[in-house]
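One structure is given below, encoded as structure tokens.
For clarity, chains are labelled A, B and C in written order, and residue numbers in each chain start from 1.
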């Protein structure tokens, strides 16, 4: 049991927030996209890797009480929509803080954290989360 | 092109059906629909099954073939297939059936919707239902469907200064209507106070903002105008049908409380039906989470964005100007994912043919049905009416 | 000459106080405070491990040095709490900071001196010209058995040192090691918690190795204690390093800046390197530092370091300092601490 290649191939984006920039219209995408939704076929072959800094701002957030197995030890945990300074909005956890210490508009930055594990003997999946600045 | 009619339907009880299997409830609903429509199973030209999670929960795929076999018609060789569009599977299956008749290919078609959601213990079901949001970029990071709905809810409440009471009113209305529906999962009426004080699920949403885990199956039978004339059968006409897609994940959308697919599908379906909002007698909306109920009333065009709370405060009950979810909605009739869209159609059929019993809406002539996929990646809108 | 090009540390935000641990085990908190001089210790959050702490340290070091991950040609991660028994933490760090495919990498284990062993390795590679720039990390989420004296000190944190030949901010003029087979502290394969020799960990282990290595270094460099601006030793508790410093003739002024254990506990492989990181945060060109680690089992690595004017450029980048990370912390009670540290065992299917 457990997942390898599905997780492994996303490492550049999960580990260091590698996104894409459309070579046609300059729009930045994260999560990465192979086709620009603005330029369509004109973007084919022109999407270039771009490093996302990880700084952003909370647009909305929730405190999750009913959690799937991988997140039970952390509940209640905060999930937020974070607008990155490069433009894209992503969904991620806010950690090392309490719900009453954050709000819509709170500035955050990305950190490298453990997301989930395939049981006691499986692979550990790492990725980005956010902490208040 | 032929007009297409709904000529009958049937369903299992909705709820926690511990002693019934996936195939049993699907077959039950199908056979009831066949009987109710006054046809025989051998008359069916095709079967479309709406189902979302059978592969993950019951570890069973290809449900359409399994159902037709257990309905005893394997030897009739009826073409059948499963349609999957997450929580809009039922609505999407209904539309495929409609198109197959509209095209002239078929005359009598069954649409089934089934979901068996109570088979697992523990929290694994939360991970499984998270398949309706983006697995890699939402669910992987801990976002559940409830969490994604809550992200919309907080932003909506903040931007429009809407209180939790407005969200609660959606659920209170569902429970009131479900108390009149003997197939409903929750037939208890609730108060706003009870709805506000329930256990938190994903703040600001609590248990009473979230549709339950439901086992249930509903089937309806569709037929061509030609079939109705030849057999002297009565039916409810499908006046408009549209499905539309939008960005999959909430974070990819321009607005976190606007479901563009709903706006676009509504526009298309209403153009086809050639009606205005005032012509609509009632709506069945996809309120898997209470916030989605408010958003739907706005995206369907009944009220300006941000103003659904006023509409809800003025009343959305069975005797109001625009009754919402006479069936009891996803919150109280129940929310078997892939069956929900068919369940809404069945209710609309019952209302428009005057067969809705205690919850019958007076002078109902036209109903709008809104079935949404996940957090709004797709919306199916149907308009049904009496000729 | 090779030396430290940049450095970065990471300490988790959570803390627990010894009196809270003592309360649970019915121990007089004063005995602990006075016995090992620890006021609080850092606790990793449930989503932190040696890989995440190493990556955060590495990123702070890269930011402070104004460097990209591709500049790093070798990564060595020293720890006794690597998340995998087999599968290197160094590979995770390499992917997370984005090094080239052509990268030297390995994990090290030598109790609390695995990180400094990595520093020596990278130093050897840069001095010999095999690479221009490499990174050594000391990082741990160390374990203390519930109720054991180690539970009051075993903490979490990490430090990354980028060592290279260009833009050196602190020259490593010399390094040496001492090694002996001394069973003062160990953890057998598959065991969750280490075992220690109690008072045996002192004289024949910690003090013998630290003081011998220090004296050997001063003899080699022709220096005396007063020639150093700062001294930093491995810090298993708040008492041992100050006693060792006094035994060797160092003053409080010299050892205070690098003494962190009273506030964050023993970060094991990160311990001495964290102290060095805190010293570099405040040092200026011309400062001399004697840094000596200790790893049970046992051995010590000594470094004679001389700070250059390049350090100002690192300070100017205003990356989070060790002292910054001692502020704005969150204290846990023992129950939450036990949950975070997985001392409360969940069912088989969980996580």
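Observations on the model:
Operating definition for what follows: a residue touches a chain if its C-beta (ideal position, glycine included) is under 8 Å from a C-beta of that chain, and two chains touch if they have at least 3 such contacts.
Note that this is a predicted model, so its numbers are computed, not measured.
For this structure, the chains sharing the highest number of C-beta contacts are A-B. Of all chains present, the one whose mean CA position sits nearest the global mean of protein CA atoms is A. Centre to centre, using the average C-alpha position, subunit A and subunit C are separated by 30 Å. With centres set at the average Cα position, the gap from subunit A to subunit B is 31 Å. Each chain gets one centre point, the mean of its Cα atoms, and the points for subunit B and subunit C are 58 Å apart.
Residue numbers of subunit B whose C-beta contacts span two or more other chains: 122, 124. The residues of subunit C that reach two or more other chains are 349, listed in rising order. For subunit A, residues touching at least two other chains, in rising order: 69-70, 72, 74, 115-116, 129.
Contacts from subunit C toward subunit A in the complex involve residues 12-14, 45-49, 51-52, 55-56, 59, 69, 83-84, 92, 95-98, 330, 339-340, 342, 346, 348-351.
Residues 10, 14, 31, 59-72, 74, 76-77, 79-81, 88-93, 99, 104, 115-116, 125, 127, 129 of subunit A are the ones touching subunit B in the complex. Against subunit A, the residues of subunit B that register as touching in their complex are 122-124, 126-127, 130, 134, 136-144, 146-148, 150-155, 158, 199-205, 249-252, 256. Residue ranges of subunit A in contact with subunit C, taken from their complex: 11-12, 15-16, 18, 51, 69-70, 72-74, 95-96, 111-117, 119-120, 124, 126, 129, 131.
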